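In what follows, structures are represented as structure tokens.
Below are two complexes that have subunit A in common, paired first with subunit B and then with subunit C.
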Partner chain A sequence: MMTFASLVERFYAAMAAWGIPWIVPTLIVMVIVVSVVLAYISVAAMFMIWWERKISAHIQVRYGPMRVGGWHGWAQSIADGIKLLLKEDLIPAGADKVVFVLAPMVVFGATVAAYVTIPWAPGLIVRDLNIGILYMVSISSLVVVGIIMAGWSSNNKYATLGALRSAAQAVSYEVPLVLSLLGPVMIAGTMSMGKLVEAQSGRWFGVLPGWFVFPQIVAFLIYFTCALAECNRLPFDIPEAESELVAGFHVEYSGMRFAMFFLAEYANMFVVSAIATTVFLGGWHGPWIPLPGLPREVAHGLFGLVWFQVKCYFLIFVMMWLRWTLARLRVDQLMAFAWKVLLPISFANLIVTGLVLVLGKQALLYVGGIAILLLAAILLAARPAARTVRVGERT
Partner chain B sequence: MDRPIPIGTTVVMERTGETMEEMYVNMGPQHPSTHGVLRLMLKLDGEYIIDCIPYIGYLHRCHEKIGENRNYTQIIPYTDRLDYLASMSMNFGYVLAVERLMGQKIPERAEYMRVILAELQRIASHLIWLGTFGLDLGNFTIFMYCFREREMILDLFESVTGQRLNYSFYRIGGMPMDFPETFLTDCQVFLTWFKPRLPEYDAIMTDNILFQKRVQGVGISPPQVAVDYGLSGPMLRACGIKWDLRRNDPYSIYDRFEFDIPVFDTCDVWARYMVRRKEMEESVKIVEQALAQLPPGEVMAKMPKTIKPPAGQIYSRAESPRGEIGFYIISDGSPKPYRYKVRSPAYVNLSALPEMLKGCLVADCVAVLGSVDIVLGEVDR
Partner chain C sequence: MTLKLGIFYFLAAFTVWAAAVVVLGKNIVRAAVALIFGFCGMAALYVLLDAEFLAAVQVLIYVGGITILLLFAIMLTSRIGATTARVVNDQVILSAMAAVGLLVGLIYASTSGIPAMSGPPRLPETTPFLGRALLTTYALPFEAVSVLLLAAMVGAIILARKE
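Then we have the complex of A and B:
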């Protein structure tokens, strides 16, 4: 099978045969891969920004951008990007300059690093690490370090509050997020992103696609909820809640540094959607036909590429849809939701999955999933109403 | 901070030194959700609010002193700028005070016009409040929905008055001109469009569990506190006190219409939300009845060239969308008032904010402030 990894191996071998030291081909591959990934991120993020403005506009009975570029303002993001690039590079007098400058780079770098293990298509993955999913989750949680750096170095109270909220939120939501990913990992028996997709190639009961979203519906819902929190999207956007904290951690940033935060946010949305697509929605699996004049593998790869993008952008659309219809949660409700609701449910899901796998009857997974959902719904409905916490009452 | 504060003292928050436990945050006057140029000094313990002092006066423009130097008709445009989101109600309150002082009767048709415009204004004002309240809680979509409907009301007002925000349309002794021919049908079209929109707002706000969680049990002002501070309007009715000047101290022709006064008794942000939400329905009812009963005839009474109310004084109040708008006028028989004082509802309602905020989170601060529904033009005068 022709894969990206095998192509790289052949390139290395050819270079070695020419007697060129190993560092040269490695650097060449690195530069090409990074350029392609960065180009993809920039274009995709610009598209997503324009798309979000259009979606929000249509939800709100408006048109959104209509002027720049002619057709439905498609060039609006590009124009905005150029404007941000040309703006004055401003660092507040009271800021910790080194950290202030580094923070957007950390955020953007952490996001970009996660693109390494995204399985775009059959055989097309930069590096299929055997702990791929662990790598992705952990590298993208480095984002919060950058956010804290930004909040702290800005020397602004709103920024500090936003950064502290962000840290609390990330720490809380990463726990159920990782636990929810463990269910599919247990079924597939691997953490490699490529192998996780391959494990979903079959069919459940001969009808449903073999995606893990069906037996692991609970895990999927938990993952998606946590992913929203991970990206600081509404209803979990409290670190940058504009009505409370003005803009949260990036209140002092402007120009290109602000653009990097902005770009990273959208790139991060794509990352969490890519994880969801890979782990729950069957990755690049989807109906495909051999294209005339193309090798079978290439045609499969092309269809895989398209299917992966379609699934990712569907999830991104859902995230945008939620953002423009829901209100924001409060910080204490957010914490309570993570620790008191999501965490127990994800543990229950883990236990049920484990039991079923030991018993060896996969069909029971569906029963288990539905049972957990029902139980969670009943428990949630039966919860006593939250009371207002007054100063002095809390411990 | 102990109540009551002696008049004339400047309240300054004592800074006991910033520690890791206590933080002072200056919210406003350029904060996106202080609804204008309000400045709140917050004393925080983590995210909890220990104390809060609202600082006002950024929009102060000597409204009352200007009033003493203008004749009675010239004051009308100044009242527009009090509560610029409900100019009609401000005009209404002022001309009512002067007419009561003069003992002036006004034509039937003008009374009906006044009620129709004032109730449409109430809907428009509550729509703005609903939209910005949604914005405070992070729901941008409701804001655009509300503005769509408000725009229609503004179009109606434009067809009547030629203005979209500061109408100056009420006159002492009636109305300057009749409705345009198209107004009645346009108004009906608006009402038929508007009524099915209210359930849409419910779908996106009232029934949303995230929204309910944010507003229920937050910013509580017990009935006694509400009365002590002199709250009025929706703020008071959200404390379970059925007090509406349109019913309790009827002015104009409000005693001729059938409408309910929504009252909720949970005293929290949710109750204030529900009161205003229901009031929109009631205002629709009033407008419909007034349109059906609208009599023909003159719209302006015979008035003297120069308005010189007899020497005396009057306190006259009306129900604005924000509460009791009162005008206290002392006349010495000259064309200018000797003393002109405005009791503005948002100012009084805002005074209870620190009471409601203590123990809340920063995030609740915007919800509570939003539920007070302040207009800084009226707070600062």
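Then we have the complex of A and C:
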């Protein structure tokens, strides 16, 4: 919304006219923005938790929460939240207290910090950094640090195992994740989130919307796979793995500290979906009409806001759908998949994209995409069939 | 300007504190955690110097990659409860000489100035400039560093695989 930025400008001007130093209005704006973001995160996470329970239930031919609040148990998350708030906060006797207390804060703080560069609607972005996408990826990588801190400080072997797995997984999947984002960045020639969305305003061949998902379908698939791994979602949830590690890194956490991990997990799902929406799915772009009685920019902004949310929640729905459809991968399969499949394909994608950009034929982007898909298919098909490994045998 | 200076002193103190914990801490995992805070402080200092790209890469590579690998290695090698690691080795004279030399160099550089420290060039956006410089003027050093890293990687694999 164009009015958002002008509103802030007017506020600054008014404060300056009253002779108040600029630091005061800046701090006021910061506090308001952070409050709005935190409120959004809490409400969205509560909704997503309820939604996930409903989706999982319907996939398993159940109803899920039905009682609390009346209509389809909509108040279940609120009840759970109140319960978690009132629970006793336990710190294990053998735990490293400083690190134990710090860990949920690091996880939650890193997740919230990533919301700074989410482009919600035209002109509605907290700060459109010119390294926006890089900032988001790097700040979200801090989440893993918090997970390792939590796992180690709990002084519990299951928690430590979860932390170890999380470290290995994060380091492996971060490489293809960043490489897959480079393709659209190369096409758009910018890393700013706002400009990336604006670069997708055109149309491919006059028919398809100008989203980067069409020429960069391979990059999108790689990104989404790696994003699942970054969020520790199934089939990549080996750091938590209820059935073998109890709950992994947060097994010793209770009450509000546990709730912070939970909240951060869902907030992080929204962050990775927002990145995918911005970079691949055209962000706020979508059909819109001027609303009667509203200025054009405001109507455009409102439609943009809705389109962005729709795309994000569709991706979140796909993540939940996958969680209740696929089985968990084994640790060695996970590593082999990242290094032997995802990494070569993302490099191939990068090379083809660069070549086509240099040669300067837009249509070639499609040819390149198809070529990479074929290559990926050949790579996958040419892999030797899975060998049965006897217990104790080294591979 | 004074606010920026205040922020700088706060960040500098924070970074030095984190670095001191890394060097002097007895608990090796805590030292690694403090290293993360130190790297974040460094990244914030880069932002203050208008080098946002460097700051983001600092967090992505050093915090998101190297420190995590470090923690990974620590957890795999030593016992989890090991809190009595030796933090000081016996090279007192050598390290004192290196520290004093570095201090003298830094004082000389910041009082009389050396050509390499002539303040950052004013650029509207550093990222395209960095990319162009790395692929044109500084292509050879860049490639040399890549080869060095490759050699280090091969060496690490050979050292690790003793079969």
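For the reader, a short list of remarks on this structure follows.
FYI, the second predicted complex is superposed on the first by the 377 of 395 C-alpha atoms of A that agree within 3 Å, B and C clash if a C-alpha of one lies under 4 Å from a C-alpha of the other, contacts with A are read in each partner's own complex, and residues count from 1 in each chain.
One rule holds for everything that comes next: a contact is a pair of C-beta atoms (placed from the backbone, for glycine too) under 8 Å apart; a residue touches a chain by one contact, two chains touch by 3 or more.
Owing to the predicted nature of the structure, the values given are computational and were not obtained by experimental measurement.
In the superposition on chain A, A:V171 makes contact with subunit C only, while subunit B stays out of contact range.
In the superposition on chain A, contact of A:D96 is made with subunit C only, not with subunit B. Legend: residue contacts after superposition of the two complexes on their common chain; A:D237 is shown touching subunit B, with no touch to subunit C. Judged by the touch definition given at the top, the superposed model places A:L329 against subunit B, while subunit C stays out of reach. By the touch criterion stated above, A:Q309 is placed in contact with neither subunit B nor subunit C.
Touch criterion met: A:R62 reaches subunit B, while subunit C stays clear of it. Shared-chain residue A:S254: touches no atom of subunit B or subunit C. Counting contacts as defined above, no subunit A residue meets subunit B in one complex and subunit C in the other. Chain contact summary for the complex, subunit A toward subunit B: residues 56, 59-62, 157-158, 161, 165, 234-235, 237-238, 241-246, 324-333, 385-394. For subunit A in complex with subunit C, the touching residues are 23, 96, 98-99, 102, 129-131, 134-135, 137-139, 141-142, 144-145, 148-149, 152, 155, 160, 163-164, 167-168, 170-171, 174, 178, 191. Residues of subunit C that touch subunit A in their complex: 3, 27, 29-30, 33, 36, 40, 52-53, 56-57, 59-60, 63-65, 67-69, 71-72, 75-76, 80-81, 125, 127. Across the interface of their complex, subunit A is touched by residues 23, 25, 31-33, 45, 47-48, 50, 134-141, 143-145, 148, 204-205, 208, 210-211, 213-214, 216-218, 220, 358-366 of subunit B.
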